[in-house]
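After this come two complexes, each holding chain A, first together with chain B and then together with chain C.
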Partner chain A sequence: MDLENQKRVLELSEKYGKENVVVVLGSSEAETAGLAAETVTAGDPTYAGPLAGVSLGLAVYHIFELKDEVDADVFDEQCGMMEMVLDVDAIAAEVKSIREQYSNF
Partner chain B sequence: MIKVVHYINQFYGGIGGEEKADIRPEVREGVVGPGMALQGALGNDAKIVATIICGDSYFNENLEEATEEILQMVKNYEPDLFIAGPAFNAGRYGVACGTICKAVKEKLNIPVVSGMYPENPGVDMFKKDIYIIETANAATGMRKALPAIAKLGMKLAKGEAIGSPAEEGYIARGVRKNIFREERGSKRAVNMLVAKLKGEPFETEYPMPDFDRVAPNPAVKDLKNAKIALVTSGGIVPKGNPDRIEASSASKYGKYDIEGVMDLTQETYETAHGGYDPVYANQDADRVLPVDVLRELEKEGVIGKLHRYFYTTVGNGTSVANAKKFASTFAQELVADGVQAVILTST
Partner chain C sequence: MTTPVVKGAAYVLVHTPDMVMHYGTTCSSEHEANPNSEFLKKVPSHLRTFEEAVKYAPNQAYIGNILPDELNNIPRPWYKNLMEDAKADGKMGEMLSQDELYIVMKLCDAFDLVMLEKSFSDAAKEKISKKPYFTEAEIAKIKDGFDISEIESKLAEGAEPLHYNGKVVGCVKAAHATDKSLTAHIMAENIATKATAVIATKNLLYKNNISPDSIEYVIECSEEACGDMNQRGGGNFAKAIAEVAGLVSATGSDTRGFCAAPTHALINAAAMVKSGLYKSVAVVAGGATAKLGMNGRDHVNKDVPILEDCLGAFAILVTEDDGVNPVLRTDIVGRHTVGTGSSPQAVMESIITKPLDKNGLKITDIDKYSVEMQNPEITEPAGAGDVPLANYKMIAALGAKRGDIDKANMPTFIKEHGMPGFAPTQGHIPSGVPFVGAARSMILDGKINRAMIVGKGSLFLGRMTNLFDGVSIVMEKNPGKAEEMGAVSKEEIKGMVAETMKEFAAFLLNRK
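Up next, the complex of A and B:
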């Protein structure tokens, strides 16, 4: 996750409280989704950004995991195409595994 | 307690990316960035007492001065171990880590260890001088790299015997060591040959060094009638980067038509490269890909013709394997198009 986004996540979680923040990812690969999920839970695994050594433990989901929470038409319009071409199961499994290990909410 | 000084660049120091690469060396007490995880890996017997941060550009552009300055900083702490990086596949960072490690080892007689991806230019330059733990090509390999660096570092600091590259995870330094084996050499050689003939795996006892030297082609005899092509790893692309060539670790190259193009202008071309200050290349892309000068040479009859297409990619962090793959594809096109010579520009 780039350094600017790490900073934004950190600021938002300080402003609203960790328990009130949910991070929704849109990454197109399982590996990058997993790294982003790890960054906002356990801390930046590359130790380069503002979240290095900061374990926020935020709730984190990939948008594909939230399909049932979203208006079907909106989901179809925004994510329908990508849902067909990406490895949805692998992405969801990776984010879920990170969430179960490090998320506190 | 083993005292450790850690060296990192401006990016891992949290100061900034390329735009901050010209910062001078500075020292901070305790851990910074990856040092947090490194301290954990080192355990309770060692303590990172200071972290030295230096911009990659500053270091590489002021090699002697920066080395001297950093040596002095290291000396002040009288550490028992010096760790630099890991630099993964970042070229200038790798060269900085290697340079400063070598200086600390030779001038201050302190054990040193670094970590890099095997294709990092710092590896070939310094693998004979220092221990470099083999890492992944990007920072995502941090979690795996640091424990290996810490483990080897602790052994070096305690003066313990260091095992083979395979056992310790460092990049082979070309050091030969006499050991006793149960079976004599001729028998082991025959066993390997038999395994090879059967198509079974075997491990050579004397791996050949991996030379990547390209023998130059014979000179172009008749330049006046030669068709010359331009190829660059400097990232020059038509404005807007239509094929979305990545700013770093490029996965593709572009081929663009310059029929009738006499001059690359600010309005029509730019660089996609993320590893150098793009201002001057964006102002005038001919500075990287000299179309204007070759058009002049074409007009003057010095060269026969400038090839109608140029090929371009971003060399920044791009693996040698990928670069070879690109070249082997478009070199065939160039040959098929009757190109006799290529001018390859980098940055």
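Up next, the complex of A and C:
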């Protein structure tokens, strides 16, 4: 995950409390989605950014996992095309697996 | 009003393995943070030789020796299935080695900042003098080399080293004692950008038999900034490049927009020609040393060669209509506006389908889409996937949503209207423009009629806006209207003259 984004996630979780933050990912690949999910839960696996060694354990979802939470028209407008293009099942499975292992919320 | 055409395009790659280690941000950051890291130790064994880089099929596609579609016939990984008969000289450009770059950097060095060791300099000068596009007078301008001790003392004062085969053969000095915009590192980056763009421009002129003084304007569209502490991005690379390339009738300016800049520049060039402002406009860009080995850590981890070992450059010439070369349709231009929104769907609609709709065209009416043409072999090990394929899937999905194509036919559409990625991940270099040359030859050969050139840019990297950007323009077979219309108007003139003569004769007769 981009070092600047790591910093923003860290600052937001400190400001509002870890239990009040949900990270919504939009990555297009299962591997990168998994790495981002790991970064905001277990800590930065590349040990490069502000979340290296910091286990926030935040709630983390990929937007595809939240389809039912979003207005159908908005979802179609914002994500409909990408849903046809990306491997939705693989992305969702990867993020779910990380969430179940490391998320505390 | 004339129609702008793509008169020629040139593509250059410079193999720079030592620069990967010392100028690429991935390696140089690691040097600073962790100089004894395992990664840095493994880098040299993952670098390719010049011959291996030449035989690498995506590089052959970039310099125009094979069409991008031909990569579909070469099994992957391409780095293991080399093209044994490949040549460094390309139909549309060439590949050069690092010593050749350093000597062209010296040729481009207006302020005596580049110092090369004498024997290295002499050998490299001899090598570059064999290039058919450099004149004797230009070669003679390259100043003599230095004793290695002089270079070492400059390195001790903070100059940036230039390595060749692991050894120091020169350096680039800072252009000012305290100015942070003129440091040795920035000067080395900028002179490398200028030099690679000069080589691409020289190839454009030579391979297309274009007179240097015919070019009236140059638009440079790389991602570097040149200037001093009072105007950090003051410019002007374009004029500096034009000067060394011998474009004596040209002035120019720099256009920026991250990876989208080359397509912006192409549209600007087309507009300048269309309006009659200039008859001949060159769009040029040199390479980015910072991006060398950008994904090197992942390549080393996955035991893939460091494939980001080349600087990329290109030059495209847009001129007034010659009735032959493919036209740039300034009436079929897509743009992502501020109000467009940032969802991938909104982005693709604004760049791809809106301009088509405006002109009554379907997604299938474009034979080939040139998108972000990054070589997937570079991006896949880094977890970024196959970028062009992702773009083609998005275009196909958009087509399916609109009913232009059947959802079941998406894979066929992608194969026919797309192509494998083949360009180095040099930011602006892979974005849309790498296919302009191939599209020109495919259109001239009657293989395709229409191609869309798409440039997209990640503006948020500059931290000035969270927005994304993208533009597109269509290249199309020249209908030969210029000649036809010329012929028709000549006929019309003859007719008008005959008519007037007849009327005059009748007038004279009547008067009698």
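Please note the rule applied: the second predicted complex is superposed on the first by the 105 of 105 C-alpha atoms of A that agree within 3 Å, B and C clash if a C-alpha of one lies under 4 Å from a C-alpha of the other, contacts with A are read in each partner's own complex, and residues count from 1 in each chain.
In the analysis below, contacts are C-beta pairs under 8 Å (C-beta built on N, C-alpha and C of every residue); 3 or more make two chains touch, one makes a residue touch a chain.
As the structure is a computational prediction, the values presented were derived from the model and not from experiment.
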{"item": "When chain B and chain C are modelled together on chain A, clash or fit", "value": "clash"}
{"item": "First (chain B), second (chain C), both or neither touched by A:V85", "value": "second"}
{"item": "Partner chain in contact with A:G53 - chain B first, chain C second, else both or neither", "value": "first"}
{"item": "Chain B versus chain C as contact partner of A:L35, first or second or both or neither", "value": "both"}
{"item": "Which superposed partner A:V24 touches (first chain B, second chain C, both, neither)", "value": "neither"}
{"item": "Touching partner for A:P45 - first (chain B), second (chain C), both, neither", "value": "first"}
{"item": "Partner chain(s) touched by A:E77 [first = chain B, second = chain C, both, neither]", "value": "second"}
{"item": "Clash with chain C, by chain B stretch, listed 41-49, 131-139, 149-157 or 185-193", "value": "131-139"}
{"item": "Contact residues of chain A, present in both the chain B and the chain C interface", "value": "31, 35"}
{"item": "Touching residues on chain A, where the partner in the complex is chain C", "value": "28-29, 31-32, 35, 77-82, 84-85"}
{"item": "Residue ranges of chain A in contact with chain B within the complex", "value": "3, 31, 35, 45-50, 52-53"}
{"item": "Sites on chain B touched by chain A in the complex", "value": "11-12, 14, 17, 33-37, 138-140, 142-143"}
{"item": "Residues of chain C touching chain A in the complex", "value": "343-346, 348, 383-385, 390, 393-394, 396-398, 400-401, 407"}
